[in-house]
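Sharing a structure here in structure tokens format.
In order of appearance the chains are A, B and C, and numbering begins at 1 in each one.
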Amino acid sequence: MSTLLPLLLLASSLIPGLIIFFLNEEQVRLRITLNMAGAIIKLALVLLMVWGVYHGQSYEARLPLLPGLELALHADALALLFVVLSSVLWLVTTVYAIGYLEDSPNRSRFFGFFSLCVTATVGVALSDNLITFLLFYELLTLSTYPLIIHRGTEVARKAAKVYLFYTLVGGALLLLATVWLYTVAGTLSFTPKGFLAGIDPQHHNVLVAIFVLLIAGFGVKAAIIPLHGWLPKAMVAAAPVSALLHAVAVVKAGAFGIVRVIHEVYGVAFASSLGLLMPLALLAAATIIYGSIRALYQDDLKRRLAYSTISQVSYIILGSAIAGPVAAIGGIVHLVHQGLMKITLFFCAGNLAETLGIHKISEMNGVGRRMPWTMAAFTLAALGMIGVPPLAGFISKWYLGVGALEADQGWVIWILMGSSVLNAAYFLPILHAAWFKPPSPVWPAERHFGNKETAWALLLPPLITALFSLATGLFANTEFSPLQWAIFISALEFKP
Amino acid sequence: MLGLSAAIATAIASVALYLQLLDNGPLRYAVGGWGAPLGIELYADGLSVLMLLMSALVGLGVSLYALRYFKHDAQPAGFWPLWLMMWTGLNALFLASDIFNLYVTLELIGLSAVALVALAGNRHALSGAMRYLLVSLLASLCYLLGVVLLYHAFGTVDIQLLGMAMKASPASYAALGLMVGGLLLKSALFPFHFWLPPAHASAPTPVSALLSALVVKASFYLLLRLWFDVFPAANVDFGWLLGTLGALAILWGSVQALRQSRLKMLIAYSTVAQLGYLFIPFALLSPQAWQGGIYFVLSHALAKAAMFMAAGNILKFSGHDRITDLDRIAQRLPITMTAFCLAGVSLMGLPPSGGFIAKWLMLDAALTHQQWMWALVMIVGGLLAAAYVFKVVGYAFTKADVQDNKPAESIPALMEWAPLALAVTAILLGLNANYPMALLSIGNPLAGVSP
Amino acid sequence: MSQEILYALAGVGLFVLGLHGLIVYAHLLRKILALNIMGSGVFLVLIALGRRSAVADPVPDAMVITGIVVTVSATALALVLLLRLKEMTGHTDLEQNDRHHEQ
């Protein structure tokens, strides 16, 4: 069972996905059943795995690749954090996507690739060495491309081309770095505290170069500047895609990769001694500020959220780059919190687009009265992003701030405060307009759903994720909160 | 049907030989009891059997495809005898143990290949075939002259004996130059690649698949044998030259592929580019690079055959293969497009696939000895391959302006599944390379490399 | 022995002449003939240099015979292709063919 479970986890989305490819467009019921069944089974398996690990079980699966190299999956604490996040969010997004894409063409193709994406994300999470990570990372690129180009328009094709260019170049850099690292270190397995500290000092220059390549490769997906160019363009995809992938799977995979590199390839102490972490922290800080500033100028709602994502994902990187246990907690827990909050925001944006034809913020006046529940979820998530207690975002920022002080990096506090101010600056006007401004007499493209504000499938997911963002903040000190988990992970890395 | 049974029988025989090799190590067999030097001896080691199995796999796939492809055309009469003759030549080449016999097999392969190209009957095919024939004959004659010189200098044509007797001398240099030159012509290494795109692109689809996948590999195999078994003692190191030409091939071929407006020409130029990868290990210092090279031969054979067959489906379905108009067709042939995409994954060297393993091994070899240029070329090559693969794939998703509702000729299932099977195999090759590696090491064929 | 060297050189000379012809002449028939001359050159070299000892060596003879057979088949194929090409396009060289194709 201990080998089987990781593989089953992958299979739970891979097999439905492959079957869905062969379904006709009209086989709606079967497709929905497969999708939901896959998502539910995956969540169940994940919870089983968490329970098992909590009780001391170890789950791993290995496949030899070449003499000396193997594909390895292993459920450690960090992996589980990401896997749980992905599975929960996949479930809600599946519900949302089914509602969103009702009656649109090529749904079988969409859901097939959708399932492949999740398989790849789970694989990324569970990877136990850099080459397995690389494999699933590239798989993620390949399976997200069809989703971006799905609508088939010229705009979609161009956006997908840009996406491909960025991610494939990133992937090429990663490949180069991985092979190089293998020739220098002889192993690629993720080890707590890293496995490079013992390398002969004459190779240190090489290790610095490899680090740069690795960060660049992962940084493309994590949208660090100046590698972020693909993200706003990719917003042309349908809302479920933007939500899950660009708020959760793809960007988080990049950030996750950086966290793994810092903590389990180089080790924080070693990376710090090579002088690698300070430049990274500065870059992350620059991204945070840049993303927020660009967000201010966007009128298109999804684009504003995209730039917000660019900014927020760098919190995670900043957390690890500050090289302190508390900061690391902040960064790692933000992986979860940001995912929950951002996906809520994207779900709501999708609702506004689908129900009322709203794509721009300037069209959002008074929408709070027409779609109160959607905007309530949006409000909660937005306040969380700004960092209002007791929402989840506050917790992450608090730990980042305290961690920065503890690591003598006081300048980070300014960045955090500045970013919160900017977040407020680009979120509060939206909330004000939605709730307090009078609505325009006619919405751009209204659809009616009886006397509900919108379809259940579109309404429930954002409500659920918004509640989660509230809960993870409110109950952060209970035993199973993401925060406690992050504290546990950080302790593993930093305890002597 | 007879042709297919012959194909299956050949495939089974190859597997049987493989199993025997595992038990007994390298095998040597004198045909009809006549030993060298007048008789013909056959020699099988890990590398030969790997090549045989590759031909068997690809050959089987293409045979199944061809069964359906030629059903409606007037060409079938010529295909099967010629293809089986070519296969015979290929197998004989992989098992040959003296360089004159290799000349004969080279000619056999070359002549049947030319005739196969000409089967298509149209002017492009005929002129492509003619050019191919002239080049092929020129190349073989150069090779033969080299054989002659070697025989004169050392009194034998047996590969093993030659290897032992070899020493540096004007005769061996001349022979080396002639033979390598001829084989490079046949392997279409830049700048000797000019004959390949017209021939491969205008041939009937199963023929294109076989040519790109197998025939060009045959001359490459020969080069390897010469490099490792015959010429090491002559102490000439021009590996860097071959590697440089290989790098140029990768870059030039990929760029040309991007400029094509017809699918089959794009795939043919892709072959030119991918063949460049095969020559990079000559310039790398690590023996591990050769494992990568051979793995590349394997994965490319499978992936390229799959790709050509997919292109053939598209061509048959719609009557043309213009890339920009693919969207009206590609969406109606999902299995074909999947085969194409999977084959593309291997060509790009993305995991998981045989192409990735090959690339990994070669990159590892390059970086271990700090040979940056080669590593960089391979990385850039991968990105360029991605560019031309996705150029095609992108059109599989876009919305056509005019929905082409003309009832197109439907493609029989076998013709869609054969490329898919080969493409999937290329992917699977990426998932446990230990077995092929182990096979490769039987008989230590790659041991003669000079560091 | 000098006689053999003479023949060998003649063979090489034929080879080079043939190569020149192959490259320079555009007419396909001439190319085919050039290839034949190259082939004859190689065989000449083979016979001339093949003698290694006082006893006549059968191996080069065997090789030459095989070679001749191969060359004959190759030439036959080439001529058939040439005829089909002429029938189909009216041209007897590849360059004109290409130009026509590009129009």
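In the analysis below, a residue touches a chain if its C-beta (ideal position, glycine included) is under 8 Å from a C-beta of that chain, and two chains touch if they have at least 3 such contacts.
The shown structure was predicted, so the numbers you read here are calculated from the model rather than taken from an experiment.
Here the chain-to-chain distance from subunit A to subunit C, counted in touching steps, is 2.
Put simply, the chain nearest the middle, going by average C-alpha positions, is B.
Subunit C has its Cα centroid 67 Å from the Cα centroid of subunit A.
Inter-chain spacing, taken between the CA centroids of subunit A and subunit B, is 42 Å.
Each chain gets one centre point, the mean of its Cα atoms, and the points for subunit B and subunit C are 27 Å apart.
Residue positions of subunit C touching 2 or more other chains: none. Against subunit C, the residues of subunit B that register as touching in their complex are 37-38, 100, 103-104, 107, 111, 114-115, 118, 122-124, 126-127, 129-131, 133-134, 137-138, 141, 144-145, 147-149, 151-152, 155, 157. For subunit C in complex with subunit B, the touching residues are 15, 19, 22, 28, 31-32, 35, 38-39, 42, 45-46, 49-50, 52, 58-60, 62-63, 66-67, 70, 73-74, 77-78, 81-82, 84-85, 88-89, 94, 97-98, 101.
Of all residues in subunit B, those touching subunit A in their complex are 327, 334, 345, 349-352, 357, 359-361, 363-364, 367-368, 375, 379, 382-383, 386, 390, 394, 397-399, 430-434, 437. On subunit A, the positions that touch subunit B within their shared complex are 21, 63-67, 69, 71, 131, 134-135, 138-139, 142, 145-146, 149-154, 156-157, 160-161, 164, 168-169, 171-172, 175-176, 179-180, 182-183.
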